[in-house]
Structures are given as structure tokens and as C-alpha cells.
Amino acid sequence: MPDLRGFMLPRSPEGRASIVPAPPWHYSGDVLTLEYRTAPGTVARWLPDGLEPAVDEPDAVALIWADWQSCSDAGDELLDPVRSQYKECFAVVRCRYRGETYSRCIQIWVDKDFALARGWFQGYPKKLGSIWMTRPVTVGRAGPRLEPGGTFGATLAANDRRLAEARFTIEGEVETGGSVNALPMLHSRWMPAIDGAGDALDEVVTMRSRDVELGPVFRGSFELTIHDAPGEELGDLAPVEPIAGYWRQVGATFTGGERVS
Amino acid sequence: MPDLRGFMLPRSPEGRASIVPAPPWHYSGDVLTLEYRTAPGTVARWLPDGLEPAVDEPDAVALIWADWQSCSDAGDELLDPVRSQYKECFAVVRCRYRGETYSRCIQIWVDKDFALARGWFQGYPKKLGSIWMTRPVTVGRAGPRLEPGGTFGATLAANDRRLAEARFTIEGEVETGGSVNALPMLHSRWMPAIDGAGDALDEVVTMRSRDVELGPVFRGSFELTIHDAPGEELGDLAPVEPIAGYWRQVGATFTGGERVS
Amino acid sequence: MPDLRGFMLPRSPEGRASIVPAPPWHYSGDVLTLEYRTAPGTVARWLPDGLEPAVDEPDAVALIWADWQSCSDAGDELLDPVRSQYKECFAVVRCRYRGETYSRCIQIWVDKDFALARGWFQGYPKKLGSIWMTRPVTVGRAGPRLEPGGTFGATLAANDRRLAEARFTIEGEVETGGSVNALPMLHSRWMPAIDGAGDALDEVVTMRSRDVELGPVFRGSFELTIHDAPGEELGDLAPVEPIAGYWRQVGATFTGGERVS
Amino acid sequence: MPDLRGFMLPRSPEGRASIVPAPPWHYSGDVLTLEYRTAPGTVARWLPDGLEPAVDEPDAVALIWADWQSCSDAGDELLDPVRSQYKECFAVVRCRYRGETYSRCIQIWVDKDFALARGWFQGYPKKLGSIWMTRPVTVGRAGPRLEPGGTFGATLAANDRRLAEARFTIEGEVETGGSVNALPMLHSRWMPAIDGAGDALDEVVTMRSRDVELGPVFRGSFELTIHDAPGEELGDLAPVEPIAGYWRQVGATFTGGERVS
């Protein structure tokens, strides 16, 4: 009798039931990155023992909205788009570990289960939310153009409560799209022991995107409001001072990561 | 005491509670139109007394998927995109009335209430559904390009059942985007009498879009499968012979229509 | 060629595509009614010309949450519960018209399209929302019992924003379940003219439930918080002074109403 | 600097951001269990190496629908019911391991993220789905009574496709509620290594409910239809021969499990 097959749960006779196929995973989408400084000392509180804030701009946060289309190598999800499209909103900070500086996602909401499962594998601490982003348009009057003055909204909700809302206005085209989410990721993968005594899985992993293909970067100013809610601590990351916002299209592939401890 | 205000229900002291603001309504979005012939005599059965099928291609149907961003003149919905983005799938046929030929929407599903209400006002017989369309991309490997060979999926579901699924492949760029949905619309606006004796509202109205702005048209071939379901009759419109599919971006404004009987 | 069939839109050859079958409509569900006084003069502002507030308690409001199972006479929806279950939250006031006192629903949110359509037919000004109510339980520790001290939560959200949240605690069993929603309903049915010049449908209708079957009434105290939001005016109905809350199970049938002007 | 807190991801300064609080978790709900025999040899194919089918009725499957209210010890979720109510549908088989016979969940769909996360911790291989169950009623005509002849529907969908639909009719009250899901659970907890080389977490765990409180058991007959779908293998568990169906209310508490290998 052959063993069960499949990348993640549920494993099954044919391996087709897995909540998500094995990597590589390909992504193409629109990404809005809002970089700002939060209250001094905030980021340090969000790092587990062993990680320290970055030396430069230790309290910089990037709150990022993304509207993705994604697929596995077989690509059949692209023709059944309920299984390939999803949106997400996530908070990224930087940290130092063993002398290197990394990016690190500390909170993230997505709106599909396959995306949630990929995140749990990668150490992105995904919960479900409702995420919306204004789309740029090229015809008609119902949307901004990708040009100075173009204004975009972005919102995040979970459990029927609005958690964040932002407004971004393009000022011009630039060369680079922000620094907080630009480094290799350093994530923790945790699963509590079944008897509650510590963790059964407790790893530090790192990963970076491959085959990154970027569209033009549009930089601008933004306003961001964060709301408190039960079961959430996003309010702790409220902005004190904006740095800049960036909108661009991103293509990338994830093939796997490496365990570092 | 001033009277209640607001375009549609609920009318309220300030007029802000209406399920949708008054027209004009602006639209910008992606539209996939699949034109085909259904079984002879089908379209005639879907027309109310007084309307007749078109002389040419009387059984032509366009099944259309659209992914819209929309707003009222004030435009504030664009910055709160949960209130401006929606998707729809709808079936359009042609009909003759008093010597003129019109387009007519005979079934339609949308995924937001403001869109449903606009439809009821316009005579689009909207129900709620779950609608998905593959998006073209310009970077990365997770989507088709707008070029020959680019392949797109489109699906419709309602009440947890898949009702339609299509696959469209671009063959080339053309000048025009199909003929079934190209005429002024002729719609019926019905509301049953509260005591069930006939209709309290029974009008024939016509309308056409204004300020139409169109992107390039990509023509191609398609496969379309329609599934039967309780509470639905979409299966009656199953394709017998494809004509052609068209993908393009559309901008338009709706300012109102006219009653014709 | 036979004419189109079906109670509401879309009308179709077989009449099965209608968003909802014809009445009678049967309902069985849990109903939480919170009665309170709003600021003096508020209810009068929510009545159209020709209607006046009730003489007694003119600013009384009932904000009601209900978790329904419903069906048409054929009853087949009951075995496909995605088409029979829905939740709603609605605000009811009283009004005088031609010397009689009526109940009147001035705002309402539901979570299914068939319920929305029934409301538009009946003059309930329904929009879509997300509605949740704590359920009583008889076993286990995950819920209140229907007995003094049993505490229930109820929430309403729309467009990813929390609009209302309530907490109700049973004090004891009583004989009657509140007075604001206890009279025949007096509703307006409006549909704007297609050219925007006034209304094409403008009726006052009345209706009452038939075959009402009621479970025991549990009366108690409550707290209610209402939040403002764009596109909403529910904040205008914020409570000034609670009257009482009531929880009970309700069965009823709607067979139609009567036009009164 | 104190370390991060929280039972599951995301861990945070205050520990309130976790997708679900730590156990104990309390459950109260309605449970419909449909027991049947699937094709000979099917269950064996769904067991990982080291597990064997039960000796008696090796191909027995229980497909179970449940409509839960749940909470942690603090219980505050009960008053914000969007965070305490969820529905699920799951397939349970029996297996032998080291001489003992266990129950084992091999596929499961839920409709909330907190429930999905609890499942991943417990070894329930949860994906998201849309689950509906007819509710019994005590008043009105819109639902079955808990008595012989009472008929209930139950459906499961995922990714806009109907996966299973069942119809259950009560024949009478009995003492016990089925045997397939009646044993301690034996689950696998797997998480692939971040570099794709095998699993970083690969445990066999067992658990059983505590403080189980059961309502009366209603036994009856049923029909069950399972549909194939991309990304699913539920069709492999199609029924060959019904055993019996059971409806009852269940209260239970989960406090944790034990690792057995």
C-alpha cells in the first residue's frame, strides 16, 4: 500500500487534496507599501528573544497591501481564478540576527485558505481578513491613473471590524520601492506541543523571492489610520511619522527557504 | 419637518443611507464577452410578450463577465474600495420592439448590494453570485499577457453551486468587441403588487452608456460549460455553437434612461 | 409563445429563476428585540410626509436581530439550507397614518439575496450586512441558557465596518415581547423613475403576519452601541434610554399585504 | 525585554493577537453524523504508513456536519459571536495503531480561521468551506421538528463548487450516536521542512473530549451525494451502503492531547 501523498494537509491517496500544491509558487500582483516610523521601542517588543531591531531606523514599519494572482508550477489555478486570486495586508519590520539584518513579517491577513496555508509554511503568521485596494484604471472615470495626483484607498477588516484604512497619493515615479521589506525574510515557525508544554516546532527560517520582475515604482504621500479591536494588537503599530508610500506591480517566485536555527 | 431624502431605499433624514447614491454612475473595468448561438427558439422564450427576437442571429447570446470599479459623481467610494469594486456575470440577447432592435439583459449575478440595487433600478434582473475572472498581468509568471495565446478563466457560482465556467484564449487584436451587447438596452422594470394581483410597476425602459472609453479589443476562441441548479434556469442558455470571445477594458457613465411604455 | 413566468426578477420561461418564489413565505427563528428611546424628535425625522410619530412614546425604537429559517410553500429550500437560512438586523419605529398607529421598519440589513428581494417587495428597505447573534444552548459550556443571567451578544456590520453591537441579559420570563414592532406594518414602496424625475413606484402598503406561533418570552436588560459609518445613518438612532430587551422564538407566515395609498 | 506571548501565531507583545487563545476550548452545537460503508479498501488508502484499518467494518466512514458555538475559558468570544460560531463538515474513519483502535479525521472543512487554526494544532486537516445544515424548529412552518419524519438537509462547498449534499430523516430516538467517531482520535501533525526535504514536524498525537454532555440521539435514514472537484479527493469516499444517520446536540471541552510518536 503506497503512503499518503501531498505537500500539506490533508494528505491523501493521490495528493490532490492538499490545501496548496508544493512550491514553486508564482505571484503576479499590485503592491502598495506604506513605510512609517512607529513609537520608539515598538518594534523591539514585537521581536522574539534572540532577535534585535535594525540599527538604522529601528522603529520603521511597512504596512503593505497586495492584490495577487498566484499559482503553482502546473498553473491550472490560473484558469479557476477563485483558487488563484487573493488579497493580503501585512506588517513588516526589520531585525538583526547573528549579525545580519533581515525583513520580518509580524502580522498578516489574507482572504483565501491556500494563501493562509502557504503563509503558515513560510512563517508568515496569517489570519483571515477582508482586504481591499483601489485599482488604477486606464479608461473611464472610476479610478485613479498611475500618475501624479492619482489617489488610492486601502482597507483591512477582520471579524466584521475595520482595522486599518489608508489613502495614498502618487507624487512621482522613482527607482526603488522602499527599504523595510527589501531584505531576505527571517521568520519563526511555531507549533505548540499537543500537550501545551512549549512548542513542538520552533524554527527560525529565512527565504527570499526568486525571478523577481518589477514594474515602475510610483512614490507618494499617505495617511494611515489603525483601529484597535478585540483579538488584535495592530493598534500597537500605529504610525507616528510617515516615511513614504510606494505602488508597483511585482512578479516573483517562491521556491523554498532555509532553516537557520 | 423636511421630507425624507435619498435616491433609493432606505430614505433617511440626510439621504446618506440610500443603498446607492443617485446617478451619474461611473464605471471602469475589464470585460470578457463570449458570444455564441444557443438552441433555436431559446431566445424567443426569454422575451416577454411584445418583444421579438432579432431578425439576424435570433438565438445569439453574449455571456459576459466584468470586474468593475465604480463610483458616483462624488467619487468617495473609490477610496473605500469595498464600496466601489464588484464583479458580475450576465447574459445578454437582442430583441425587437416597435421596429427597433435592442440589447437586453435576461439574467445577471453580482457580488455587492449597491450593484444589485443599481440593476433593479435599471431593469437588470440582478441576483447575488460569486464571480471570478483571470486577470492579465505584465510581470511575473502568475497570469496571462494580453497577447495571442493568453488564456483566461471565468467562473460563476450562486448558492454554493458552480453555474458556469469558461476558458478564453486570445487569438489577436481586432477593432470591435461583439454585436450582441452593442445596442441600446431594452429592459423591463417589474414589481409585483403587494396583494399579488399583477404588477404594481410594469415598465419598458431603454438606456445607453455615455462617455464610453474603450481599450484595445482582444478577440479569441472559448469553451463554455453551463450547469443546472435549483432556482436557476441558466442551463437553458447552454451554447450550441461559439461565435467569438472578446476581452477589453471599458469605461462608461450611466446617467439615466427613458421609459418607452 | 407563452409569456415569461416568475414572481420577481428575473422572469424566465419556467419561472424557476426568480430571486424568490411567490408567497406565502414561512419563517421560524430566534428574535432579539431591544426597545429604547432615542433623542426626542428623531423618529419624526425618519417618517415621510404624511406620517406622524405615535402619540405614546413617539421616540421609541426597536432594534431587532433575527436568525431565520424560511421557505416558500413548496418548502424545498429547507433541504438546501443555504437558500433558507439568513440573519437580519432592523430598526422599527411606530407611526400614525390616517388615524391608525402602525409599526414601520426604517432600516434593515440581511445576509442573503432572497431575503433582500422579499424585503424590497414588502417595503423593508434592505441592504446587505453581516449579522451575528449568540445562540442559547442546552448542553456544554459554549453558550448561555434561556434562564435568568443568560447573556447574549448581537452585532451588525456592513462594508467591513461594525455598525452596532449589543449585549442582552435575561432577567426573567414574561408574557409579552415588546410593543414597538407589535402593530401592523406601514411601509413605503419606492422605485425612482428611470429618468430620475420623481418615483415610478410610490405606494404606502400595510401587512401583518399570519399564523403566528410564539415561544416563551425572556425579558432582560441590555447595552447597545451604535457606530457611524460612511453611507449609513444608523448613528442617528443611538439609544438615549433603554426600555427593555426580549428574546423569543417566532414562527409566522407572510401571505401578502394591502395597498393603502 | 519580555519575550513574545500568545498560544499560536502571530505571537505578540501582549499575546492577544493569536489566531486563537490557548485551550481549554469549549464547544456546544448540533451534530449530524452519517455513517456508511465506502468501497472496500478505500479507508486503507487514506491511512499513512504505520496505521491499519479497523478490524470490524474497515471501510466505515462517518461524514459529519456540525454547527458550533465555541469559546476559550475567558468566554468573551460568546458575546462577539462572529468569533465563536462556526460550521464544519468532516470525514472520520477508524484505524489501528500499536494494537489500539482509534477514530481519525481524514478531511475537514470549516468556515472560520480560529477553527482552522485549532484544527491544525489538533491534527484535523482543515481547509475552508461553506457548510450549511437545516436547523430543527419548535415554532412555525419553516423547519423540521426533532421527531420521526423530521427531514434535514446538509451541504458542503469549497471554492464555489458543491462537494457534498445530504438528506437525513429521523426515524426515532435511540441511545447511542454512531461508532465511527466514538473513539479517541489519532491524528498526524505534519509541517513540511522549509527547504522541502521531508517534514519539520511529523508527530502522531491522540486526544479525546472532556466533560462531554449529550442531548437525545435521533437516528434515521439518509441519502448522500458526493461530487468531484479540482483540488479535492472527497469523491473517493463516496458511499456504497448507508449504515445510519444520527442527529444530536453535543457539549464538550478540549484541553489538549498527547504525543504518541
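Here the chain labels run A, B, C and D in written order, and each chain numbers its own residues starting at 1.
The rule is short, and it goes like this: a contact is a pair of C-beta atoms (placed from the backbone, for glycine too) under 8 Å apart; a residue touches a chain by one contact, two chains touch by 3 or more.
Computed from a predicted structure; not experimentally measured.
Student: Which pair, B-D or A-D, has more C-beta contacts?
Tutor: More C-beta contacts join the chains of A-D.
Student: What whole-Å value do you get for the distance between subunit A and subunit D if each is reduced to the mean of its CA atoms?
Tutor: Those two chain centres are 30 Å apart.
Student: Taking each chain's centre as its mean C-alpha position, how far apart are subunit B and subunit D in Å?
Tutor: Result: the chain centres lie 40 Å from each other.
Student: Could you pull out the residues of subunit B that touch at least 2 other chains?
Tutor: Answer for subunit B, listing residues that touch two or more other chains: 80, 82, 130, 132, 155, 160.
Student: If every chain is a node and each touching pair gets an edge, what shape is that graph: line, ring, star, complete or other?
Tutor: Topology of the interface graph: complete, with all chain pairs in contact.
Student: Along subunit C, where are the residues that touch subunit D in the complex?
Tutor: Residues 26-29, 68-71, 78-82, 84-85, 130, 132-135, 137-144, 151-155, 165, 167, 211, 213-215, 249-253 of subunit C touch subunit D in their complex.
Student: Using the touch rule from the top, collect the residues of subunit C that touch subunit A in their complex.
Tutor: 130, 132, 155, 157, 160-162
Student: Going by the contact rule set out above, which residues of subunit A touch subunit D in the complex?
Tutor: For subunit A paired with subunit D, touching residues are 1, 3-4, 7-14, 16-17, 19, 22-23, 44-49, 76, 80, 82-83, 106-108, 112-113, 116, 120-123, 125-128, 159-160, 188-196, 200-201, 203, 205, 207, 230-234, 236, 256-259.
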